[in-house]
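Letters A, B, C and D name the chains as they come in the text, with residue numbers starting at 1 for each one.
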């Protein structure tokens, strides 16, 4: 099948590559011409504009948006709208707020799929986990693409109607914050505890058979291997927080207690306002580094 | 090599089986004759008593204790002590408090290895994660056994001197509590949120490529598959808590903040004292079920 | 001076009484005729409707709204609006959301004062604490009324421009939740601890000279005196939560960590969803009873 | 009556003064001769040593220890022991760990009263809150002294047998930590919120009639008055923590959830290990200053 991809940043290029490798055709556009050229090198048909992309796709368009959450999604949709009808399918693979996705699904003529995408740039080879919301028929139409972008048929599913994909992704991210902070607390205690331990060895031993083994723990192991036992210059400063904030807001709305997720978010706020002269809290320094591990987010570092 | 195994409960039998399968000889003892018979059927040499076991092992004894933490360990050591000298090695594979292990290491004539064992009965096939504390030479001597009991050479390591193995295992368990409660919070929000979701599908999709994938999340998936989307009669009551309590106590001693681990422990206390008429908090019901998932701990259920 | 009072529930009647006792004239209205009759018995001039009240006040109207937060405020304002001009002053003494107050201040022709009122029905004799937002001149105009309704000149102040009064009251309530839950935790530990204590005696001893003495602690003392040492049938169910939720939402917006306030709010949610057969968590049962202590909120009780 | 006072620091001198003012005789000793001279100036009979003090008291000795918790209490008791018999009464007015008090009560020949003392140096004029554990007859014997040291007859009571006084004081302090941190969170939100507020005015308004009024809130008001609206150079560093740690340890032992008290303690740990360049968390800076407010603990300040 043929897929239009709008947005060719790190994640967008991975989508292009994985879809191409699965034997599908891709028409690719980005505001950055260099990114379009890279996609063309990878075998995609380059487009000059969103409109050009829409025209090249012909009837029954299937379009994957991989642009930053917020205004960029609305801008792309505005450009596409005149070219869309009810047989077309638009996928938003970004980290949009689920209520925006509901609104967009209602206002576009196309079938709209909100697709939470987890795995980060580090998941390029394995494939992603895709949580999809929207009309059943549109999801079924896109299955070949989802099979290619995800780890395989098990790595994607339709969660429910419009918004549910980004809703589940939002909660995923709240859980992610708390898992990172939890591993951080464990290693902070070990780093300040009674024994002089090799934390990379601890993480490796745990990753082989322990109850708490996980991909995030593998990224801890990698972090200690690359930064050293005390995480070197990694700063006590954890950026980000919008999806975690949405999760807590939704939990307030639903009156569901989420004290661990809340505390993990509060640690981020705290890391940005604390005073002090030391290297800072080990737990948050590890969480800072883990964000690079899966998402290639820049690592704030302190001056030596 | 030849290994004596004292304690043939669920975990002890797995040790016997894995060590036998790796080609080693086992002499096995338990107070329960039936358990000794089972081990004998699996190819172990049965022993009538701890003393009989010690005598059958001859010189340079290597003995693995797999008995409940606490008095049972001291009792086994008391029986063994007259038969031990400095060329012998005793491994405590149970969940002992690390300060008990330090004390025992100091008081026995044998080399003493405290070995935190993670993976639970559910890890029988894959093998365990083994965190070992004690003398370097004794650890090296036991490597063939550790290779067999662990997932392989990567699944065990020497953490440091006496007590360090159980110390790292203690922190592992504190982390485990908080990971379980974190997943619980995420699913509690989804179960009470805006969409009618299939939580098994959510867990499966996350387990395939998402940042938060882990073994515990696989056990969540299994729990929803076996108990249903709302966890059926699984009660809002989480038993256990000693290793988590030790972790928080040690963190108080070291003045390391561990709010997520503390809160996960407090949720257990809370689950045992709350009043109310409903099915209870979903997060804790899931944590309750996960304890069965890896540890085969009995699942408290509410009457229908 | 002359004050119109709209809304003659428990708090509104107290306003009428205190303003009357300070020598001012009151015109009073409520949808409930009985409440109007009660106010008339106390010396107020009864009004048939909001419009009748406005007409009776003549020029330079000063009107105090003491109606439930939300639609009732807008409804009263809608009725008043045709009769208001820029020399008039309207005070909203209820628990309105501060952004609603900003909106109302912008849309009415009158000067608008948002007045957070703390002290609850239990504060009738002492007088209230009034946190006022809005134009300086309007605040100055109303000082005689504020002197009467508050504990005195120290019991009221202008916090800042429109919305600031209800903003400060919102945070006050978030703090209130956490203070109640904190005392609750202390007494829960004492009630389950090593000694058989008389909690009323503990509270009284603390209230006389201890660092933690406070009005809420006096209300704890009263609760133990009236309900008994184990709080009798008081249920583990804490109602309410909107102002606390607003506080946490605002803290998320401002990225300020408020883990204690969050946890106190989460305990309320938890108290409403927990399962279990016992009397429940003592801390929350005490918080439940304290809400009656200051606010005369009905006390949920469990069946004996 | 006649009272021996051992330990003439800030709190000990207040005991001497209040007991003298109530018309009793005092024999006073401290290792610091200057402190003894000060007590003598205030009308006490100076003693050269603990032994000298014991001898001057004659039969039926009543002795108040006001020395630092820990070894100093045992040292004073060791010196006194040869001079004590079962008609004598020793009061420990310090912040001892309750299990130490139980042990001391068992090992001394005298009747032993463990007396939790709250109110701090700032309570010199008003008098203290005294929580007393130990034999009923000994408590009754000392009532005239307790009446003098406390705010009056309401300011002291016998909590129960040996250790119960310090037990209740321990919980008091855990509650104190959480109350301070709660007010801190409220003011941190106001300091970073949408309005430019005068926090001293907020505190004063609240202290006059609001539900959350308290002595600690009066100390907040004083702190803003003396340090300015943004607390000047007061550092994000909260010292102390032993009684709070004991409270959490006891709650772990009793399996009582105390998340707010735990978090308040964790904030202290966090304040000592955080990195960062700003002035730090307002909540903890306020808690830092409040410790001076009631206890005259030195205020850590950051360099300007």
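Observations
Definition applied: a residue touches a chain if its C-beta (ideal position, glycine included) is under 8 Å from a C-beta of that chain, and two chains touch if they have at least 3 such contacts.
Keep in mind that what you see is a predicted model, and the values were worked out from it rather than measured.
Among the remaining chains, those touching subunit A as well as subunit B are C, D. In a homomeric contact, the two copies may use the same or different surfaces; for subunit B and subunit D, over half of the interface residue numbers are shared, pointing to the same surface.
Computed from the mean C-alpha positions, the centre of subunit C lies at a distance of 34 Å from the centre of subunit D.
Separation between the centroids of subunit A and subunit C, computed from CA atoms only, is 44 Å.
With centres set at the average Cα position, the gap from subunit B to subunit C is 52 Å. Each of the following residues of subunit A touches two or more other chains: 256-259, 263, 270, 272-273, 281.
For subunit D in complex with subunit A, the residues that touch the partner chain are 235-237, 259, 270-281, 302. Residues of subunit A that touch subunit C in their complex: 241, 245, 248-249, 252, 255-259, 262-263, 265-267, 269-270, 272-273. Those residues of subunit A that touch subunit B in the complex are listed here as 118-120, 123, 126-131, 133, 150-152, 154-157, 159-161, 163-164, 167-168, 171-172, 174-176, 178-179, 181-183, 185-186, 188-190, 192-198, 201-202, 204-217, 247, 250-251, 254, 256-261, 263-264, 281, 294.
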